[in-house]
Amino acid sequence: MSPKLIQVAALIAAVCATGWVHARLPNETRTDRGEAFVPAPHVIEAASLGFDAILADYYWLQAVQVAGVNDVIDADTASHLGKLVDVVTTLNPYVDHPYRFAAVWMTHSEEQVRDANLLLERAIEFHPEDWRNYFYLGFNQFYYLGDFEAAASALEGAVKNEGSPAYLPRLLARLKSQKGDIDVAEIFLRQLLVSTDDESEIAKIEGALDEIEIEHKARHLDRAREAYQQLTGYDILSVGDLIRGKHRVLQKLPSPEPDSMPASLRRGSVWELDREGRIVSTYLGARYEVHYSGIESAVFKPDEQSERQTKGPRGQEDEPRDG
Amino acid sequence: MSHVTDERETIVRVCDVVKDFRPGFGLRRKRILHGVTFDVHENEIFGFVGPNGAGKTTTLKVLMGLIRATEGSASILGCDVAESEFRHQVGFLPENPYFYPFLTAREILDFYARLSGVPASERARRVDQLLGTVNLGHAMDARLKTFSKGMLQRVGIAQALIHDPKVVFLDEPMSGLDPLGRKEIRDLILSLRADGKTVFMNTHILPDVEMICDRVAIIVKGQIRHQGRIEDFLPEAGRKTDVVLGGLPPETADSLGERFDLKMRGLGDRVELQVAEKDVHQVLDSAISAGAEVVSVTPQRNSLEDVFLDAVRAGGAPE
Amino acid sequence: MNSLSRIYALANNTFREAIRNKLLYMLLGFSVVMISSGVVLATLSYVEVHEILQDMGLAAIRFFSVGIAIFVGIGLIHNEVDRRTIFTILSKPVSRNEFLVGKWAGLTFTVWLLLALMAGAFAIVSLLAGAPLGLDHLVAIVLIGLELMVVVAIATFFSSFTTPMLAALFSVGLWMIGHLSRDLHALGQQSEVGTVTTMANFVFLLMPDFEVFNKTLEAVHGLPIDSGEIGLAFVYAVGYTVCTLILGAMIFSRRDFK
């Protein structure tokens, strides 16, 4: 064998051996391993050495990846996203979308919502002309924190800016007078729905709108129950009483599931009375409440939460039930 | 070669120059020059002679402003060597010169001409002319990285002369040259003097010095040991010539010994005579008329070397 | 006038030497690849695609031009001494100050030319990708040019008295401090010890502040850049360069070339 041939053979052998070993070495990233390390924003900003813009992009791409890799955004993932976006927006406060991207997910606890609001306030500081940030902030204040005054003042910022939807002043007025009814929540959610292209965000908002739809139906049943009581002098024993017997007040019960739900996905949910005697759909397991009450009192169980993550904003005292 | 040097203008004046170097941080200072003093006069070729490491190049670097004297003063054309403006009148060839390898001979000379303030109108002509003078006309547009050591030496000489300076400093100008090249450089240096320039030359090659220098200073271990006109090292009166004769009749030999002051030595059928230079003619005449055959006549000319070797041996260690 | 023409000759020669360095073309080629790679990077995000593309481009420009400025600059003076080319130059009517300034000017011009080439690549990539391109981008790149001028002065300064290795270390270090100095200053201000605050102020004034020349965010997001601020940045760059070169010349003039 000529020396040259030996050399080439050695090279091939070395390449194969190195490749074989490399293929067997663990190659997951820290994010894959679930290590949600994000440096402190002010540290990374100081250490950016003039490369802050591209570093912001790097952390933003990481956030996109984290959101994309996880089918379910649980409380931990949401807070990881929040930290990443905090870094992104510290390095480059002029970014636009990341603020609302984070705010949408950071809804697992009051603390998280307040962190999200800090991000939105930074967004407002650097984009004072963009009504959407005010709107998201108002929504958070109203929907999760139940602070109607703060929600109204945030919405005032939205109304003042160009491009805000025509019904916003009406929403604002209702917020100021009626405070937290589900119509306000519905208007908020419908607006959020048209202002986003993100599929998982859309699914999340649609879930919340489903809950409102079922709440509308449950309120309809409440009114029927009152009529029943006035008619008979006593309360129903089961929801079915409303359509049975000679005192029936309704022809037919509304579907306990969202009307838009395709038949194939229906779980056979029913209307029933819960322990406190309220009419609930087993689809949700509890009555809808505008979420401020929920966030503070709810005991969060991340596994159960995660099962229903696409269905709606968190915080309800609902026990997911299957079939 | 009858220069009356003392009346000439002093071109270079070095006065009690001391140079200390610190070999490194915290190390003791080392004295390289111990109060060097000498003058170079107008239109002479001055030989600065010494063994390797004696301080020749250090002295020259002080004169070129490349290193600063620790003590003492040095001036060229009456200007302190720390200045730079007067240097358009000074040319310098460093030892083993090196130039930007990516430039051609023409480009590098143009560069030096610009630095020396040669007017744009004259530059091209000067460059062509000088490259011709140093026999590099054929390699004008070749990159310097392709040049041999001898060619680089010629480029070095050309750049030293590009701005037609009054004084030229040459550090080992003959090094790296073949015998033919050395002869060319010698002729060039002589022609510089003929043009009225002053030449300062560092060297340790004594025959070159004897051949062309007007005055010499010998430096040993950082001190000047001897300084003066080349003739002073070769006293006319003391010069001897070796004459070898064949077939010299004994009686003629005896009479020569009586008439002249000479040493005589027998070499078989030949005789070697050591004759004072002034008597050579008469001795030869007498010998030839007595029927002797002249084998060789060799003047003894090694006195500079003697002085030099004596100086080095006597140098000791001036610490 | 003579002095200027000598500086010009030295600068011109420095430029000629620098552009013969093959490393330069490798780095230039690599920077163009990096500028273009913004296109790929941007596809990873579904929003702000143009911003990411341009962030990447400007970051690559800054990274490579500063890298070239430092790593060519550190050998600038040292190589001349090491190869003894400085002997013949200083034997001509060239003062050491002129020599230093000439070397600095030559390299600054070289990196400016490279910056212009990179900016051209950036503009082409932006136009092909349909990203907006405006005066802001030009301003951001000109400011990088000012930063380079100071960086070259710093590299020249260190090169005038130390080895390339140490000069690289010091130059990179000082460049990093230049981007950190505002944060260090802010940190110092938070201290309750008076001397620490004073020291922080002193260091902040002494060290370069390279964040002055960082208008990447503003350019990419199309935000207004105050023209007064650009003017001040220009004066700051010139001032800092002059100070650095004078200090360098002071040290350089005392050097012995053995």
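First chain written, first letter: the chains are A, B and C, and each begins at residue 1.
The rule we apply is simple: a residue touches a chain if its C-beta (ideal position, glycine included) is under 8 Å from a C-beta of that chain, and two chains touch if they have at least 3 such contacts.
Worth saying up front: this structure is predicted, and the values here are computed from it rather than measured.
Put simply, the chain farthest from subunit B by mean CA position is A. With centres computed from CA atoms alone, C is the chain lying nearest the middle of all the protein shown.
If you average the CA atoms of subunit A and of subunit C, the two centres end up 47 Å from each other. Centre-to-centre separation of subunit A and subunit B, using mean CA positions: 94 Å.
The multi-chain contact residues of subunit A, meaning those touching 2 or more other chains, do not exist; every residue touches at most one other chain.
In the complex of the two chains, the subunit C residues touching subunit A come out as 41, 44-48, 51-52, 55-56, 58-59, 62-63, 175-176, 179-180, 183, 210-211, 213-214, 216-218, 220-221, 223. Of all residues in subunit B, those touching subunit C in their complex are 21, 61, 64-68, 84-88, 90-92, 94, 96-100, 102-103, 111-112, 114-117, 156, 159-160, 163, 169. Listed in rising order, the residues of subunit C touching subunit B in the complex are 2, 5-6, 8-10, 13, 16-17, 20, 83-96, 98, 254, 256-258. Looking at the complex, you find that subunit A touches subunit C at residues 42, 45-54, 56-57, 60-61, 64-65, 92, 94-98, 101.
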